[in-house]
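Here come two complexes built around subunit A, the first alongside subunit B, the second alongside subunit C.
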Partner chain A sequence: MIPKKWTLFANHQNKAGLLSSLFYIVVILLLGIPIWYKTTTPLRHSLPDISSLLVHSQMISNQIEITVVSIGDQQRDQLRNELVDNWKGNFQGNVAFRYAWKVRQLVKEEKQIFVASQSLYQIDRMLDELESHRIKGHLFIYLIPENTITELVSKSVLYGSSRFAYISVKNDELKSEKSNEKPLSEIIVETVETMLEPKRSSKSELLRSEASKAVDTLTFLLNNEIDILINLVMEDVEEAIEFQDSKRFKELKNITRIAFLKQSGIFELIDAKITTQMVYYALPPSFIDSHLANSEKNNRLFKTSSVPQLLNAIESRIVEHDNKQSYLLTVYIPSQSSNSPLFFFEESTGTKSNAIVTPYRGGILVWNDADDFNVGFKSFMRNLIGLNPYENDDYLVKNNFFTKWELDAVIRKVTLLQLAKTLSSLESIEKLLGKVSNIVILEEIATKMHYAVKLSHESMDHLAIANLEGAFNLSCKAYKASETAFFDPSLLALLYFPDDQKYAVYFPLFLPVSLPLIASIHHIIRSMNK
Partner chain B sequence: MMYEMRALITFFAAFCRVSLSEDFGGSAFDRYDERLLFKPLPDGQVYAHFEFSTVFDEHINDVFWVDHFNLFPLAIGKFLANAKVQEMHFSLAKGFWKNSAWGYNARDAPNGAELTVYFQSFQDNPQKAWRDVTSVLSGHFCASLNFIDKAATVQPVYSFKPEGVLQNGSMRNDLLFYAALPHEALCTENLTPWKKLLPCFDKAGLASLLNARHIFNSHFVSLALDLKPICVNSDCYRTSISITQTISLIFNPPVVFDGKKSWSFIKFFGTPIKEVCQLASESTVLIDITQNDTSNPLTFTTPPSGLVVKKFGEKERKFATFDLKSIISEYKQQNMSKFNIVSLYKKNHVYASTTNPPPVFASRYITGYGVSQGGITCDIYNKLDKSVQIVYFDIIPWYLRIYVHTLKITVANKEIKPDTFYYKPAKDRSQPHHIEMLLTLLPNSVTTIHFDFDRQYLKWTEYPPDANHGVYVNSAVISLKLPTAQNMTVFSETSSSDFFLRIHTQSLLVSLATPDFSMPYNVICLVSTVVSLAFGPIHNLTTRKPQIPKSDEESKKQSLLNRIKNFFQNKKSHEKSD
Partner chain C sequence: MDVRVLFAFFFIANAFEKTVAVSAKVERFFEGKRHTNNWAVLVCSSRYWFNYRHVANVLSIYRSVKRLGIPDNRIILMLADDMPCNSRNPKPGTVFNNAHHHINVYGDDVEVDYRGYEVTVQNFIRLLTGRVNEGTPRSKQLLTDEGSNILIYLTGHGGEGFLKFQDSEEITSVELSDAFEQMYQKRRYNEILLITETCQAESMASKLYSPNILGIGSSKIGEDSLSHHGDPTIGVYVIDRYTYYALEFLEKVSINSSKSLSDFFSICPKRVCISTVTVRKDLFKRDPKNVPLTDFFGNVPEVKLLDLSSAHKVSIRNETDDRRDSERSFTLYSHNVIKHKWKKIDPFPVLTY
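The block that comes next holds the complex of A and B.
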């Protein structure tokens, strides 16, 4: 059935005219407008679902497997019930922890170690050799009967160099030896919390220059790669020439290359490279003397307010090599023969230090005494990965770079930070696309974003099942993918036509063409209504 | 054919400057030496050449494992380890070195930037490494070397052979890269990073004279960095890395100092030497006094520490030497802290044609007119009584389409053939024309190389800023082994028999046909207008049906135009009747 209007149309006296009007309209609608739209609209591949990642990230829970091992005949069942019922996790801070408790007796291998070893140091070292005790993020608490081990006599809790903590308990009671008020379960939980989030005490900070009060050094660790560049600046050029044959230089090499790179376990967290260079003629001859505060007897006190000038003088002298990110540690060695030791001096507080941290860049250390570099370098490296610069008294092994549980805690922090940064990069891209409509998203970028989202989800899942290592590896990849997507230069290459030009350029065409077309449409409508 | 092969082999031997007997100088430790050579030129100008050389006691393949740097610059060490560079020659220059007036430069450099890199044999991806090298170096020296792309890069066949020690003594052509940017400007931002590579920076020693404000006032400035592996001792069992940094300057005292020829450190550089670089094993100022004119002799206020006389070829050269280390330590004992060399002449400079033309030099220029076709001609002069064999190396950008059939090499209007000829044609936007030839220059002759080209149209986005200025074409490079040291700049300990020479001709400025850059917008507007103007009538023709006009009266009533006409006509008739 042909509608009535159409029959009228068929009988119209200017049939050809009407048909050609229709033809023009069809061509404009099917060909003209799509071509115009296609050529003036940016290419955008579909983006991943970022809101689901946002929701997932707000619900991250870190499962922590904690094994409490009791030596002796304590009532394990009661302790187990108390821990499982009352201490399900810590959901107070920024990071949620869910504890998976396991309370047991010594297993066969552990028993052998405890029987054979003389000291806690030895026990600590041998326990670490067991394969079952080397899982990242897994914590072991050993409840040791009082007075059986000499190291524990003066302290109730000692932290091992690996993933173990030792708590001294009374033989027959489930109470800690020293603090009678607190139940053992509470002490265990406190120990676990310390091991999960090593606290920074404000007292033992490295002296900071003013601008750097709250700089999060963890951002250094996001890229998994760092070039630590140690600039050796010596006060006396003649001493500098002989420095490379000196005992001090050998010590520096041992501490940095062997103790730090090979033995500290830093490679589990980050791929660090250390390069040292001699920097000659860095400072004008009287530079140090002209910035001294009223000096102390036998010591020179350098004003901390002049540290920026000192660093500028040194940094304008050196050439940085091609690298992804560098941490610059300047070691200033005062003249041994002619000058007294040098310290940085904060005039307002009257504090004195031989090391200063600079924001985002590294620090400067004065090597006055023989042990200064050893202590200073360790503090800088601990500070670099966000730990307390100095070890606490309750650490079993002293003069160590980091303990394994500290590294695990840093790895967890970095994983969470990488996940957060991945999310924020992806969110930024999404927001940017909403704001700037001319940004092109190539397929390659979209694929990277999808990949980052997928890996982030997987990484969070791994955290929930206490697989820290897997989560860290995945979050690294996710972060890298999101960063390359975010910093891809193709995002900057805007489409050629901004909105105003999109219409302005074609305006001389659109306006004259549209007038007859409108007349045609009017004509068609009129003839249909007749 | 056999003859050609033999000629080639002997020639290679001459150009590979890996002579074990001479290329050693390193001890078992890092070493740093600095020297400054002054050479008064016949036309009253003074040539100052700084040479800073650091020897790093490491095999070039092992630098990757080095984690402590003493005198050798860390940035360069890391760079050559990452890119697996075996040898590198880099120069930046401002001005054209006039061989005919100034003699040969100790380290010749063309105007702009020039970079030659030879990679280590285990570099798997030399093409990518070359890209990395150019971008890292552009960062290090603040130069636009990142503009070196495929279209500017060639892999030389006969020229630019590695000069240092080679692994197994054989070279691979795919590892050798060359590029030049004739339009690159040299300025202070390039000098500062270059100075930072020196162990004493500009705080002490000869480098403290390198005051940017003064040295960029000279007539010619070039700075260069040459890096190559050298033998540690004569059996070449071990090798070390040598990095040589040079600066060449030409000052013109008679012009700047009111006709007086006298000069001093303070006059040239604005400062005396205040402190000696204690890291330098040797710190010497040499003054070439061979050409010392007896009627207006050159004397110094401070007596030189020594006089060196050495025979180069047939001729003797004399050098006055100043050993800075001993002079400044003496000065310090006398409580004097500043050392200045002041040269004195009794009379003012007299301009005369005293220049002594060098044995071989070249001049290259553009021929033809208009912006469609043109030609390039290079005249190579040989003033010697012997014939000389040279390698001619020329890169022409792809947008000048050269015709090889028009290539003519003539001596006194007689065409000659090159001993060997290599030509790689250009590809648009990805490869330049690459010409290399071995030529024998006849005694006392002028050899002319000429070829024609067409100027290609570029895409409108490919034109450089200020397109009407024209585009630069690299200078041609001529390498040869001279039988004489005449006009060469030599140091007192330069080898007295092997006079290898590399000279650069003028770089060329070629005008290309440039479009009207507002054209695309004009075209869009014009086409749109034409289309829309055409569309209206066509649309009307096709959609309206011609109709017989209605009766006059009726149509007159209806027509707006007629009503207006009537209105005016009525008005006129009223006026008339009035």
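The block that comes next holds the complex of A and C.
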């Protein structure tokens, strides 16, 4: 049965016109509007749940496995109870540490080492050979009876080159030898805290010390790769020609290639590459002389206020690789034959040194004496990863670049910073989508974000079970994923028109089409009403 | 009320409070610092000989920031046309700021990062947001961080709410402000000083909504920004009024100058500029009177002496003892490192027919 109204259409005089207007309506409804909607609405794949990550990040706790080994006959149970009951962790500051104490006697392998070794240096080295003692982030505290080891006589605590610290204690007593008023447990905890966050020494490590800016330098380490660019500037061009055969060049090569890249353990933290280049004619002939303060006898003092000009002059001459970030270390070698040593001089404080650092860029080292490069390069590298430029007095071994516990502490800091940056990147994408409505999120980007969230969660879980290495590997990947997601060029797939322009784009197309359409709709309605 | 509802309400309120506290903490973490490095993005968006003055404008600022210590690798210079080498330039290799040829703003070494048809809206936005295409060299990237103060100088032909690029496209003030918001969200800057030298320049800063940006425009909405004077030897106008006076002012500024930003606001009064210089200060937190000009136009790196007097030497261990260590490398990437990235190519290959 055809409804009455439809027969009306069937009998309609202008059948073709009616059909065409129906066709237009169908095309507009089924094709036009969906296409318009599709092309003006940015494609957005669903984002991961970032708030859960935010909540999780607030509950990061770093579990620290600490083994206290007593060598004498101290009352272990009492010490264990005291540590477990009173020192559960450290929740001050931004990071929470949860201590997992283990108090025990020497095991068989350790006993052999202690019996066989002559000195604490040897013990320190041999203990590090044990596979069980090489876990990242795991700390060992050895309580050594007083006067048994010569190195410990004058000091109550010594920090080893690996993950060990040695505390000298009196026999039969739970008190440390030197400071009678402090209980041993407290000294142990202080030692642990130092090993977790290597403190800056009270001595003047930077001559013009301001608030420590460890976070600044740590941002260098976030990408896990860095190019260290050593620019050699020689005062005497004649000497530069022979430099390649000189003893200094050999020294430079050994320190950077072998001692730093291979032996320092830096590869645990970052993929460092070192490039050395000779910069000829970097400075105008009398540049140095024109910026000298009133010289001391035999020494030239270069004003620190003129360092920016010096840096700019050198940096405009150097060649850089196409990399994300480089640490520029300029090594200035004064002429051996004719000129006196050069130092940087801070006029306001009257201090001088042959090395300066500038945050985010690197530094300048003047190679006056033979050992300057050795000492200077070490200090720069320690400064680069946010450590004190040199070891404190209570370090057992001082001829390494860094101790393993220091490196562990930096790795932990970088892990936490990477997690924080991952979170802030993901959060900022989420916030941006709310503010800038035309951002496109492709499936690939959404996947990367999901991946970053997942890895961050996992990394935090690893921190909670004292697996620093696993946590670091995951946080590196999470950081990378979140960064590539944020900086992906596809996020700029649409330019940011104001919304009204969307209509402007389509309006000229729709207008001529819509005029006859509106006319026929009007016609249809009229026919139906008849 | 149901106990469960009450409990849920309490829980949600508690969680919300926690989240707010956390983000406040994160904000403080990033905001507590002052700036540590300086960058400059200098854009001349117009081409053709009769726009000589726009190139002179941008090179004037380039000259000043470079002289005041921003290194070339932190200056992104975009020049849409090459005036110094234009065949109509009677003195090739020069761009002067006035008809008496006082200052050759082209100088001896200019590093142009984006030139000619590379100066596009897309490239500019990509540069700001950091979303550059893969393989973009470092010199074409703005590698700023939360400690960077950025000077952004735009010159060209503009109208209300847009700046024309290359006679073919324009950037709108909405696009610009959204780009700044993206930079803010990713903490790519500490503070921005945006200077626009175009007609109706005020409008470029009018849509901004991200914090810590100060916008200076050479003219009000509805006003033209005028050129200063012409040079009969080149046949066109040499420089625009606002930048002419800006350069005159900046030439007297030295690295250790105590001039403040608010001094810079009054460099071009209406009687010489003819247009009205506008300043948008509401997004900027500091008082411009207390902001040294060199916080944007210069770069005074923090220099610290490193005391090496009590540092100890590193000793190199015997290599044979350390075979275990020397064979190890950074593990994260070691599985997918491409060992031979570059193929060696024989410069004199033996040809076989």
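Quick note on the criterion: the second predicted complex is superposed on the first by the 449 of 530 C-alpha atoms of A that agree within 3 Å, B and C clash if a C-alpha of one lies under 4 Å from a C-alpha of the other, contacts with A are read in each partner's own complex, and residues count from 1 in each chain.
Here, a residue touches a chain if its C-beta (ideal position, glycine included) is under 8 Å from a C-beta of that chain, and two chains touch if they have at least 3 such contacts.
Everything numeric in this text was worked out from a predicted model, so none of it was measured.
**Q** With the two structures laid over each other on chain A, which partner does A:P489 touch: subunit B (first), subunit C (second), both, or neither?
**A** second
**Q** Quick check on the superposed pair: does A:A355 touch subunit B, subunit C, both, or neither? Answer first, second, both or neither.
**A** Touch status of A:A355: second partner only.
**Q** Per the contact definition in the header, classify A:I518: touching subunit B only (first), subunit C only (second), both, or neither.
**A** It touches nothing on subunit B or subunit C.
**Q** Looking at the overlay, what does A:S20 touch: subunit B (first), subunit C (second), both, or neither?
**A** After superposition on chain A, A:S20 lies in contact with subunit B alone.
**Q** After superposition on the shared chain, which partner residues are touched by A:Q58: those of subunit B (first), subunit C (second), both, or neither?
**A** A:Q58 contacts subunit C only, not subunit B.
**Q** More subunit A residues touched by subunit B or by subunit C?
**A** Of subunit B and subunit C, C contacts more residues of subunit A.
**Q** Of the two partner chains, subunit B (first) and subunit C (second), which one does A:D322 touch, if any: first, second, both, or neither?
**A** It touches subunit B and subunit C both.
**Q** Would you check which partner chain A:L29 touches, where first means subunit B only, second means subunit C only, and both and neither mean what they say?
**A** A:L29 contacts neither subunit B nor subunit C.
**Q** Using the superposition on A, tell me which residues of subunit A are in contact with subunit B and, in the other complex, with subunit C.
**A** Overlap of subunit B and subunit C footprints on subunit A: residues 320, 322-323.
**Q** Would you pull the subunit B residues touching subunit A in the complex into a rising list?
**A** Answer in residue numbers: 67-71, 73-75, 77-79, 82, 136, 139-140, 193, 196-197, 199-201, 203-204, 277-279, 521, 524-525, 528-529, 531-533, 535-536, 539-540, 542-545.
**Q** With touch defined as at the start, can you tell me which subunit A residues reach subunit B in the complex?
**A** Its residues touching subunit B are 13-14, 16-18, 20-21, 24, 229, 237-238, 241, 244, 253, 257, 273-278, 280-281, 317-323, 505-506, 508-509, 511-513, 515-517, 520, 523.
**Q** Give every residue of subunit C touching subunit A within the complex, in rising order.
**A** It is residues 15, 18-19, 22, 26, 29, 33, 36-37, 69, 71-73, 109, 121-122, 125-126, 129-134, 137-138, 143, 145, 147, 172, 174-175, 178-179, 181-182, 185-187, 255-256, 299-317, 319, 322, 325-326, 328-333 of subunit C that touch subunit A.
**Q** Going by the contact rule at the top, pick out the subunit A residues touching subunit C in the complex.
**A** 51, 54-55, 57-58, 203-210, 216, 219, 224-225, 254-255, 258-260, 262-263, 265, 267-268, 270-272, 304-305, 307-309, 311-312, 315-316, 320, 322-325, 344, 346, 351-361, 363, 371-372, 374-380, 383, 389-391, 398-401, 420, 424-425, 428-429, 431-432, 435-436, 473, 476-477, 486-489, 491-492, 495-498
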